[in-house]
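Here's the structure we're looking at; comments come further down.
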């Protein structure tokens, strides 16, 4: 930010402060992983130790896996997040294109509604959607987890802003070449918008893999639990005081996203900030 | 192609104000005009990308107003080239053919690997793409993406994509304006050759008169949403129908002088009575103009200052000189009237004509063009020409 | 052969088919999204407003219009007032800390070259991690006897409190976790803001005699970051209004309602006690706050200046 390097003292001070912060940011993760390696007896000694004296990693993780269908939870999480993202692209990308490049009646009104929708969190609409799903008889299904998020006004807004920057000539060229409007969306706009779609995808996957509020409301059967529900359920029913096992469960739930994040940090940070405007 | 009574409004602004054109098959037509004259809108209406508010467009005797762009059998080269950034050059050129020849099911991802008949069609497309690429000498580029191409290469690919479908009409919207000057001259020649070779109708929109003059069979000069003249390039320059055309075409700009019609078939310009029978009522205001190339000057020396010549020449002073090497342009302030004339002279005379020199300018009647108060051309003999008649094509 | 000017009627006719095609295309492209927006956004918003005026209970066959009864009951209810108060306290603790620390981290990280990527990754990690799992980890780490925090305090001779069961502390403990989780997000937003500041400005300031880091910050960085900061503040406020996961899993609003927050109240009234009408009224209050903040955000965005 300063446009020039810091002096040696200031540089060292910078590292001292940032390292202290880093320790605070990281310690829950380190604590979680190390505890997941420790047997219950060592945890109950109430002493601050770093590495376990007796490694109980395998039994802790195996306990999680045998006591709850953890694989099923992860699979549910993958199915739900992937379906949500696929549907979001399918529904919102064409709408974003129409809003950006077509003239049709009701376009301004639709865009105004999209802007309004940006302000509304899912929490505000949860009760009516719950009632609707109750009457439709689709509570406790994948559909209940997926459908409310098939529409993403934020996705529409973001992709529309991106499409506004695509030159009209490209679309006109495609029309002259005989590509239909629907063809333009998938053959021309989607490939052109890949960076924006990727950023949105990361945002969407992170948000819905981690979501707890809506699955908690919509799902009652264990078979359909997503990872956050699974780990909360595990704490409540099976491993509330078996801390090593509980930490192993938490580690399993956190791992997929954290691993993906560490592999593609820049994209993740871009994706989440880019979309940070949502609030 | 026949265009009749085309009108287009954008909100309250009328961008096309009654355009009529008859274009012969195989002609190279340039639409020339300053930016905002409606030439691009005209092209977009012909392409079907924009809709007119009145009038019609016919291609080969068939009205195309109800047809979508891809049904009109036209191709278009855009100013920005509008290449698909995610497709290779090959796929860019192949796309219009795939859209026509393959059914939507055959176009689905992966289908071309399974469907036998699609494979056969695809082979035909590949052959056609290679043929076009060979013609444009872009074969080595077929595997590249547009981002890896230079401006000139992109331009060729855009032409290739338009050519490959063998359209009846080729539309080009300022296709050279994004190229550097040298390449522009080169591509001008190439496009003209291309036209001779494939022989279909070309409609070429530009604001660059050099392009219009060098490539086309006929030029449409458009101003303020209407065509002012539709004629071969030479006529547009030498025989403009309208003062705006005269001013727009030719560089440096044509000289203009205010004049008044006198009784007895003459125009009074800066105190001179020029014999020019306009047929207009005495007292009418006209504009007299003269190309710089036809503006001849002479140094005012004691022997040329004779009374016999003074009646036919304007007295002026050189105020500025531009020596371009091949030409010498002299800006001369005319005494008595507030006007500056530009004269083209032989650069060899540069030593003789310093700034500040007093000179005389003749007004050769055979080169004078006169325009009435509304800007219409008036010819000697009192004939007043009407607006651009479509020439027989 | 052809008429000179085709009558407009003819043109109109010619366009009919194209009009229809274009209308159908727009419908095919924007229709599904519009329908879903109606079903999942507009209709629920209308419903929630209407439900808040009824005594509807989830599963009940009938409902009765009760006017503003839910609202008067709500504002008379100690639990709700406590919940609203707690939420406001939570927000007012999290926002300044999270924004301030985020800005500090961004400035410090960008100030030097070394370990920049490392710090950015570490500070951003909590943003990515599943909050509910981390809440469980924190719960264990804050365990009065076995937890990391109190063990660490004990090693330096401090007896740590019972973070989650002391009603004077619990709300601040939750706010601390909220700060921990959101600092990285704000940091990254500030970094983007910092990178958008043209380098010339620093050079110009140097030429003008601005020499030390603090003056540089005051004359260039802070004025240029102003709009970003307002934006980050509002976003953080909206996000912290939505605090739910940690409360639901760690405290259930306890002890003795000391950590009851708006969304948790809405959740327990609506989905545990099935008092849907009342929960709808709570939602309306929540929505009023969020909309007010969002309106503020839009207002700021509209007024955004300086190279935005």
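Going in written order, the chains are labelled A, B and C, and every chain counts its residues from 1.
In the analysis below, a contact is a pair of C-beta atoms (placed from the backbone, for glycine too) under 8 Å apart; a residue touches a chain by one contact, two chains touch by 3 or more.
This one's a predicted model, so the numbers in the text were calculated from it and none came from an experiment.
Touch-path distance (fewest steps) from chain A to chain B is 1.
Between B-C and A-C, more C-beta contact pairs join the chains of A-C. A separation of 57 Å divides the Cα centre of chain A from that of chain B. Centroid to centroid, with C-alpha atoms defining each point, chain B and chain C lie 58 Å apart.
Computed centre separation for the pair chain A/chain C is 15 angstrom, with centres defined by C-alpha atoms. Multi-chain contact residues, meaning those touching two or more other chains, occur in chain B at positions 68.
Multi-chain contact residues, meaning those touching two or more other chains, do not occur anywhere in chain C.
Of all residues in chain C, those touching chain B in their complex are 1-6, 8, 10-11, 13-15, 17-18, 21. Remark: chain A residues 1-3, 5-6, 10-11, 14-15, 17-18, 21-22, 24-29, 31-32, 35, 43-44, 46-48, 91-92, 94-95, 97-99, 102, 104-105, 107, 110, 113-114, 117-121, 123-132, 134, 147-148, 150-151, 153, 156, 180-182, 185, 206, 209-210, 212-213, 216-217, 227-228, 231-232, 235, 243, 246-247, 249-250, 253-254, 257-258, 261-262, 265, 268-269, 272-273, 276-277, 279 touch chain C in the complex.
For chain B in complex with chain A, the touching residues are 44, 47, 49, 68-70, 74-76, 78-87, 95-96, 99-100, 161. Chain A meets chain B in the complex at residues 167, 169-170, 172-179, 183, 188, 191-192, 194.
By the touch criterion stated above, chain C contacts chain A in their complex at residues 22-23, 25-30, 32-34, 36-37, 39-45, 47-48, 51, 58-59, 101, 105, 107-115, 117-134, 136-138, 140-141, 145-146, 148, 151-152, 154-155, 180, 183-185, 188-189, 192, 194, 197, 199, 202-203, 206, 213, 216-217, 221, 234-235, 238-239, 242, 244-245, 248-249, 263, 266-267, 270-271, 276, 279-280, 283, 286-287, 290-291, 294-295, 297.
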